[in-house]
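Below are two complexes that have subunit A in common, paired first with subunit B and then with subunit C.
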Partner chain A sequence: MTKLHPITRISIVFILSIIAFLLSNIFDLIILLIFDLILGILTKIPIFSRKFRKIIIGFLIANVSVFIAWCLFGKISGKIIFFEAFIGNWHILITDQTIYGASIVTIRVIIMFFLMLFFFIGTSDRDLIHGLRSIKVPFAVSLIISITFRGLSMFQQEYSIVKEAMMTRGVEFEHASIPRKIYNFIQIFMVIIILMFKKTEDMAASIESRGIPFRSKNRTTYHYFPFQKKDYTILIGLFTLLLFSIYLTLINKSFVFLFLELF
Partner chain B sequence: MITVVEFNDFSWKYKASKDLVLKSINLKISQGEFIGIMGPTGAGKSTLCCCINGLIPLRTRGWIKGNVEVLGKNTRTAKMTELGQRIGLVFQDPETQFIMITVEDEIALGLETLGLDRVEIKNRIEWALKLVGLEGFEQKSPDELSGGQKQRVAIASIMAMRPEILILDEPTSDLDPIGKYEIIELLEKIRKEFDLTIILVSHRTEKIVQFCNRVILLDNGEIKFNGETSEFLKHEELLNKLGIYIPIHLSQNGISQYLKFSEQISKGKYVTTEQDPIIEISDLSFAYPNNTQALKDISLKIFNGEFIAIIGKNGSGKTTLIKHFNGLLRPQQGEIFINGNPVLQYSITQMAQIIGFCYQNPDHQLFKNTIREEIEFGLKNLKFPDDEIKNRYNEIIDLLDLRKFEEIYESTFYLSKGIRQRLALASVLVLKPEILIVDEPTTGQDYRMIQEFMKILQDLHEQKHTIIIITHDPRVIAQYSKTVIILDDGNLIQKLPTSEFLKNEELQKIAAYTLQ
Partner chain C sequence: MSESSSGMEEVRVGVTWRHLVATALATGVSAILAIYAVIAAPVAPFPGVSALYLAAAIYVPLSLWLGMWGCFAGYFSCVILGFVSGFGPWTFFWSIADFIEGFVPLVAFRAFKADVDIGAELKRPKVLYILLAVLVVNLIIAVVAGYVEILSILWIVSLIISIVLIIVMYVINPSRSWLLYVIFGIFGAAICSALWGIWGLIAIGIVPPSADAFWVGVIGWFAGDLIVLSAIATPIMVSLTGKIKQTSIYVEKWFS
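Then we have the complex of A and B:
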């Protein structure tokens, strides 16, 4: 994945996410999820390393909550009723269709999560900027994205310095009550907003002082990111898959069932 | 000689300022000159630089009178793009000059604007990085660079554009003394090679005197001196009046003068007792997540009442060491004891009352709207009784002479950097810590402000506070610290009296200490 053109990488994430939304059959979604995971394995991205394990566990816990919430608030009638209860005005109805709907939503979210994870691990902010410039996105847009990434990095640095500075004056973050924590974080953000405001002004002056205009006919591009055969192949494949998924949605059929019908 | 910059009766006032920032400036600069611009904080030095580069008046609102012609163009009517490409301006804070995500992209940014082809851009990137001694840094991100390296990248990105005039506004403020010397030496080399006109703003008289042909001294928006460098130091009365440092080692035997200072302070009013250490470190090692080994097996004792300067090259581990003193960083190996107890036994609130910490940039430390709120914050946070808060507030505001500013300024936002630094110190001192740590108290400050701030630290030391400073300033080390701790590449080289350090050239070399 890291050797593909950044635009191809973005397209994989977006088109497969759209397909995940279009597909409404659980078997189709499971196939897409397997395809998603195979893609991750092929790209050799260490998603199960210690670094990413925490993120994945955190996500899966959140996803279980989505599943439970769907079951508790979904109220979808079905052939089999697993559980039914009334708590005041709240009607809990868990049927086979509730479980089916919750599973579909959960699998869709998992597919999109892994796609995003592969994209962010395999694509640096630099790739993204050069990718955008290579497809002739205006220079101003790529410059703004670059400044945003720099800003995020500066924000992170400033945040830890200001937090440390507050701690040296006796401000507790770890053992404080939740309202106190919120108050302390507001104080940090107030300082950072002022600092970032000053830094933004300085950065703007720096760009201006170097005579870098937003629009210029003379501007050349140092980095060259050509689309390769594999990029074209993948993009054609993705768009075909997207069109086929739209077709299946329109005729209200599942990919698996259509496949079984044919063979 | 060809005139490249000409100010004709030029005056400027920012839209928000009450008074003129530059007043009837008449000035000519010729091609190939190396000009030093000096003056106290607020004299108008940076404004003058922006006038040459065209940022004033093309991108800044204000009132203007007179004209500035640069490279034959009137800055009122010229295009910012053209001026920017021909006149390079390096700002004081290299952090905010880094727009792109890697060193290579940063340098390429300006070159793409010039319309150069890929091969030429590549050649120029390589050339510029070689020029500033950063070959092989192409793919590094700004987060991986030290302050000094960022400053070098800022110079490289400007030099790659091959400007005709190069303006540098305090470009070496974050560097150690040898790093500073190397950069200025590099500028001189570039000037000779390309017949470049260089305009350097600096508070460091030593550098100006050593490298510049001409000095322009500004005060309150007016030129007070404009002449040969050799004449500059003869105006002792004027320099003293404006608080400009006169380097003693250039007129007399410098080291012996500094030794005299050092011996005087070691006989000062308050004498350290080497009994129980206030801070004791044994076998301390620490590595950052990117595997940079910042500290290696450090064992050290600091005694009550010491005035210590922690010195060493950029990246030698100074800040990492002091962050262990108050538990901001936890030791990965080894132990730290404060007053005989392990540092990790203390809570954040307890630690704030034992060790006060002043940051290099006061903006990181101040977050309240008024001076009173700022000073009282720590006390209120620690739930001190109202009477005690009132007493301590009055005590500290008088000690640091801040009362007059409280009356003048409604908000701390409008205070100058020097006063904000003093306020940051007050906000820490109000908690009456036994130990005071100050990180780089002199960066970007003029000589008078440095003297005022250091005098406060000296007074606190005489009131039995233990003072620890991190500094690159050779004058501050020699004039104020009794002891130096030398770090090099994460190793503790030695802790010794400053007077002995000043006699030891080998240690000075390790600590990147030079009076030049």
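Then we have the complex of A and C:
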């Protein structure tokens, strides 16, 4: 995946996410999830390393909320009722169909999360910018996207630095009362906002001193990402899969069951 | 270009790199805060919703300082949060919630041609902050009471108290900017963003399409934003607006 054109990579993420929303059979979604994981492995991302295990486990725990939301508020009638209760006007009904519906939505979210994770890990900001430039996205837009990504990592560091500096001066973060915590956050925010404005001045002055215009038709790039045969092949394959998924949705059939019927 | 009475030329500066760079960096700051808030204080069964949405604390100040660029920063930071939360491309639709958060107070201030420096001539700030805290608690009670049918009388009472509190605030500090900030910068921004955000989650199929889910989500989102906007955004606005107005990045109109 890392050798593909950035636009092909973006297309993979977006089209597979749309397909995940079109498919409403759990087996189809599980196959899509497996395909998703294979893509990740092909990208040579160390998804089983300790660092990524932490991110993935953290996300999966947070994702339980989607499942719970559907269980508590789904109210889908089914053959087996696991739990039913009334709290005021609120009717909680957990049936086999609620669990099924909740599982479908949860798997969809997991699929989209993994697609995004693989995309962002497998794509550097330089790849993204030069990829966007190669399809004639204006230079100013590309530069702004690049600065946004830089800003993310830059302010993450600044946040830790400011917090640590405050802690070394005896400011309590962990065991502070809620009003104190809010006060501490206000202090951090103010420093970060001032830093942001300072950095904006510096960066803008740097861009302006280089004479970079907003619009420039003749601007060239050092890195060149040409569309290759494999990019075209993958894009055609993706669009075919998308059309097939739309067809399956229209005839209300599952990909797995259609496959089993054929063989 | 126009000529003033003193004979000096008033030059209106258009969009510069400063505005674009400020948008990009503000997006970075807001995105980190948004991700941190959703991880640190999530609202129980709703993904992407936080009971203490720290990013909201800078959306409103940013939109009032940077105009539309601040609103865009809010939108793009929410797009990044949506990607991290696993909403895929639908995040572009859901993130309009955070665009609205900055856009509502911006429209109000520009429409009424009010000065964004709410702390310029602040009178009796301590009393104002106490009244604001009471108003926030009262508004949260009002929204909860509005959802639970048996508490409809409480809803009416808390609504009347809110109006009275706003009038008292205006009597203590007769500032149009402060009044607009409380109504549109705190209450208006929080409620509009909560309504769109939870409706967006239902529309993209992350939250089940039920009235209970909708209102529980709206209350969580609204309360989270209200607390952050009153407790964090207000002191930031009061203390920094004057200084930021002196910089070249400050946007007087919509884009420049």
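By our rule, the second predicted complex is superposed on the first by the 255 of 263 C-alpha atoms of A that agree within 3 Å, B and C clash if a C-alpha of one lies under 4 Å from a C-alpha of the other, contacts with A are read in each partner's own complex, and residues count from 1 in each chain.
Just so we're on the same page, a residue touches a chain if its C-beta (ideal position, glycine included) is under 8 Å from a C-beta of that chain, and two chains touch if they have at least 3 such contacts.
Just so you know, these numbers come straight off a predicted model, no measurement behind them.
S.K.: Putting subunit B and subunit C on the same copy of subunit A, do they fit or clash?
M.R.: Because the two structures are overlaid on the shared chain, the partners are seen to fit without clashing.
S.K.: On the A-aligned overlay, A:G211 touches which partner chain: subunit B = first, subunit C = second, or both, or neither?
M.R.: A:G211 contacts subunit B only, not subunit C.
S.K.: Going by the contact rule set out at the top, does A:V191 touch subunit B (first), subunit C (second), both, or neither?
M.R.: First partner only.
S.K.: Given the overlay on chain A, how many degrees, to the nearest 10, lie between subunit B and subunit C at the CA centre of subunit A?
M.R.: 70
S.K.: For A:I161, is the partner it touches subunit B (first), subunit C (second), both, or none of the two (neither)?
M.R.: first
S.K.: Have a look at where A:F14 lands relative to subunit B and subunit C in the superposition and call it first, second, both or neither.
M.R.: second
S.K.: Regarding the shared-chain residue A:Y222, is it in contact with subunit B (first), subunit C (second), both, or neither?
M.R.: A:Y222: touches subunit B, not subunit C.
S.K.: Once the structures are superposed on A, label A:V171 by its partner contacts, choosing first (subunit B), second (subunit C), both or neither.
M.R.: In the superposed model, A:V171 contacts subunit B only, not subunit C.
S.K.: With both complexes superposed on chain A, which partner does A:R126 reach: first (subunit B), second (subunit C), both or neither?
M.R.: So A:R126 only meets subunit B here.
S.K.: If you stack the two complexes on chain A, which partner ends up touching A:F59: first (subunit B), second (subunit C), both, or neither?
M.R.: Once the two structures are laid over each other on A, A:F59 reaches subunit C alone.
S.K.: So in the superposed three-chain picture, is A:L242 touching just subunit B, just subunit C, both, or none of them (first/second/both/neither)?
M.R.: In the superposed model, A:L242 contacts neither subunit B nor subunit C.
S.K.: Just how close are subunit B and subunit C at their nearest CA atoms in the overlay, in Å?
M.R.: 6
S.K.: Show which residues of subunit A both subunit B and subunit C reach, each in its own complex.
M.R.: 143, 147, 149-150, 154, 190, 194, 199, 203, 207-208, 212
S.K.: Name, in rising order, each residue of subunit A that touches subunit C in their complex.
M.R.: Residues of subunit A touching subunit C: 13-14, 17-18, 20-21, 58-59, 62-63, 65-66, 68-70, 72-75, 88-91, 101, 105, 108-110, 112-113, 115-116, 120, 140, 143-145, 147-152, 154-156, 159, 182, 185-186, 189-190, 192-194, 196-197, 199-201, 203-204, 207-208, 212, 214.
S.K.: Note which residues of subunit A are touching subunit B in the complex, please.
M.R.: Subunit A reaches subunit B through residues 124-126, 129, 143, 146-147, 149-150, 153-154, 157-158, 161-162, 164-175, 187-188, 190-191, 194-195, 198-199, 202-203, 205-213, 216, 218-224.
S.K.: Over in the complex, which subunit B residues touch subunit A? Could you list them?
M.R.: Interface residues on the subunit B side: 50, 53, 55, 59, 80-86, 88-89, 91, 93, 95-102, 105, 108-118, 121-122, 141-143, 157-158, 161, 323, 326, 328, 347-349, 351-353, 355-357, 359, 363-367, 377-378, 381-382, 413, 427-428, 431.
S.K.: In their shared complex, at which residues does subunit C touch subunit A?
M.R.: 15-18, 20-29, 31-32, 38-39, 42, 44-47, 54, 57-58, 61, 76, 80, 83-90, 148-150, 204-208, 210, 212-213, 216, 231-232, 235-236, 239-240, 244, 247-249
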